């Protein structure tokens, strides 16, 4: 049971194929699997459908896979921090399926939890509900949303142990845990692989059972909106 | 925003009424809200429906509420470690709705997550599926299970801070986090209330938003099956 | 005369009650945090996965792993808890957030809200807005009463694709405060120096007494 | 001659593959942990909320907060992770557990399993058994081939209420090993000193070649 791989190329070896569905963690540029995305770019896998809340920015994160035209379709809640995305989207080269953010997160969680469908109030009465089954519970109307099962999940954590237990840091957790659960294979990139036994078993966010391959690497961790306040003079 | 109460009686004050639905955390006797159960006994609230994986043992845990005939119905996955339970069950004084353990946990989680129904393969083709809606997804049959929303949740955690953030210890976590989410009001009993800011925000299992009232107290923490091994001679 | 952005935010802050968990949208709603009344303790939720959102960091203390739903760097507080996005929206959908204060493009007299797309224009997505309006206990909209062309944004029915159907409880605009009630909108308050006639003139929606 | 409880457990342990996450039921399946082959690393899941279940504690080191699904005190290992019951069954239902090894009252030739209730007798509940058989990758049943009256427990169809429909992949009994295949059961192996005729005589289910 060797889960630790030497780099992103090695960790993705044998997992990629044209037309596949990839679930990616991250919110904006926070907690995105930078190294695995770059390796998918290098591998040149085509016609990807990517379930990810956002699609990176020009030249960084998933935005890189737009430059190379590797993405056929995005399943996202918010996109377009990205000129190339908008160009492809408006010219219909790129397909976008908009999902409410919570619906997208829950669809990933459901897919990983063996739940093929669940009912939610989110989106009832909007274009999101069009074509979806409606059902009343206790006098209120809900719509049926489907679990997402991806061919591959790519996630970014703070620390891992060699058994694949993952710990995330602050809001970089975001979509990573649900994304990790919904892939038939999950590859995780982390800032540090720590020795077995050094993570407190009460504080593990994603148990190792979900994680098949791990790499350690350097992360740029780019900040999208650097907002600060001034220190008041003493 | 004062969440800390002086004892179980005070914390339950105004939350109890005859015929109510209570969701309780715990698995076997592990991680059960001992003090709150004892206070419900004292309060004498009647005709309770209790959603809890098990029903305690004679004279301890939820078993205490059987002695006083306060429970009308249990929603559980495994019961009967308890002579009085079996007597009431066999004589039909006590109603039992059996739920597969994972379905019960997910029903609590769903109820707390605004999901009135979800599909699962668990129980298809068994008496559990009788009378439930069946639906095919990708060629497989699933049944519809309903979210549970309780009038009150009672849970037991290891530590809390005054804002209601909870941390559990080892397998005493079990049903407590999903139970905490599904109550209109959630009362938590803990071994220790620690100062605000002393819990690492990355390691909180149940965020304070779910927890309305907290008490600190002494717990018996009875062991149901004490199994050990012998040390080999040196 | 009418309220400016900060006055609208200050008025919206009056909606907050002690002990509430609240989600503030982008734009004017973000400013509400600056006007929380003394003695009112409110915990801010950020839907990417945080309860207890603090102010922007001091320069040099930005943390790439600590951002809000607007992707801005923020800070934590003593009561902060982090969680994943499925948990975050579980609490939103599950009705655990007492109130969301959001911006809007249009609101209708039945509480319909449109704030995510303009057909033919750049569509960026709804983010968490649909989840919020469907799930939270109370939805307060803060917005200008009219658009740049002077047309009412408070309508009989929305012309834009909806974010949620019959979800808005209260509108706080530059001209005043209106509640969604059976039959239409009810004037709760006029902004400083605004007459009822002015408010009515700027409102397409039916106003009931 | 036939296999005893420990021999059945040892045979069941041969089913395990390196790197697998496995759930062991109560009774003989629990003994399987004693026979995991050298070089095969298996992580045991306990459905109350634990991955990486260790052996029973030394006397005096029992921890009331650390029990398995059978409510027995256990210990943790360096790779242990704890989680709540909804997460635990999310991984079970989601197919993340490679194999469950369970006891049975009856198994049918189509893989139907009955192991939770006898009508008219004390019903204690199914616990996590229905979730396990519905969710895990492979279900192996370990049981005596016949009941105390000498009647086959390997049947054309189950007489007892089912735990799961067409869920069993392999049966390991005191008499041998059988796989559920199209049309019935296929003999994989005979227990020490058991003849095929003996196995067939003790089996009501259809055996295919």
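Lettered A, B, C and D in written order, each chain numbered from 1.
The rule we apply is simple: a residue touches a chain if its C-beta (ideal position, glycine included) is under 8 Å from a C-beta of that chain, and two chains touch if they have at least 3 such contacts.
Computed from a prediction, not measured in an experiment: that's the story for all the values here.
A.B. asks: Counting hops between chains that touch, how far apart are subunit C and subunit D?
C.D. replies: 2
A.B. asks: Can you tell me the least number of steps between subunit B and subunit C, where a step is a move to a chain it touches?
C.D. replies: The least step count works out to 1.
A.B. asks: Any idea whether A-D or A-C has more C-beta pairs in contact?
C.D. replies: Of the two interfaces, A-D and A-C, more C-beta pairs touch across A-C.
A.B. asks: Out of A-C, A-D or B-D, which pair touches the same way B-C does, with over half the contact pairs the same?
C.D. replies: Over half of the B-C contact pairs recur in A-D.
A.B. asks: CA centre of subunit A versus CA centre of subunit D: separation in Å?
C.D. replies: 35
A.B. asks: How many angstrom between the C-alpha centroids of subunit D and subunit B?
C.D. replies: Their C-alpha centroids are separated by 27 Å.
A.B. asks: Express in whole angstrom the distance between the two chain centres, defined as the mean CA positions of subunit A and subunit B.
C.D. replies: Taking the mean C-alpha position of each chain, the two centres sit 32 Å apart.
A.B. asks: Find every residue in subunit C that makes contact with two or more other chains and list them.
C.D. replies: 76, 82-83, 89-90, 92-93, 134-135
A.B. asks: Touching two or more other chains, which residues of subunit B qualify?
C.D. replies: In subunit B, 106, 109, 113-115, 120-121, 168-170, 173, 201-202 touch at least two other chains.
A.B. asks: What chain-chain pairs meet the touch criterion?
C.D. replies: A-B, A-C, A-D, B-C, B-D
A.B. asks: How about subunit C: which of its residues touch subunit A in the complex?
C.D. replies: Residues 46-50, 55-68, 70-74, 76, 82-86, 88-90, 92-93, 112, 122-131, 134-135, 161-166.
A.B. asks: Touching residues of subunit D toward subunit A in the complex: what are they?
C.D. replies: The contact residues of subunit D facing subunit A are 18-19, 21, 41, 43, 45, 51-52, 76, 78-83, 87, 89-97, 134-135.
A.B. asks: Give the list of subunit A residues in touch with subunit C in this complex.
C.D. replies: Of all residues in subunit A, those touching subunit C are 27-31, 53, 76-80, 86, 90, 96, 98, 100-103, 105-106, 108-109, 120-128, 158, 168-178, 205, 221-231.
A.B. asks: Can you list the subunit A residues touching subunit B in their complex?
C.D. replies: The touching residues are 106, 110, 113-121, 135, 137-138, 140, 142, 146, 167-170, 173, 200-203.
A.B. asks: Quick check: in the complex, which residue numbers of subunit A touch subunit D?
C.D. replies: 1, 109, 111-115, 161, 163, 165, 181, 196-197, 201-202, 204, 207-210
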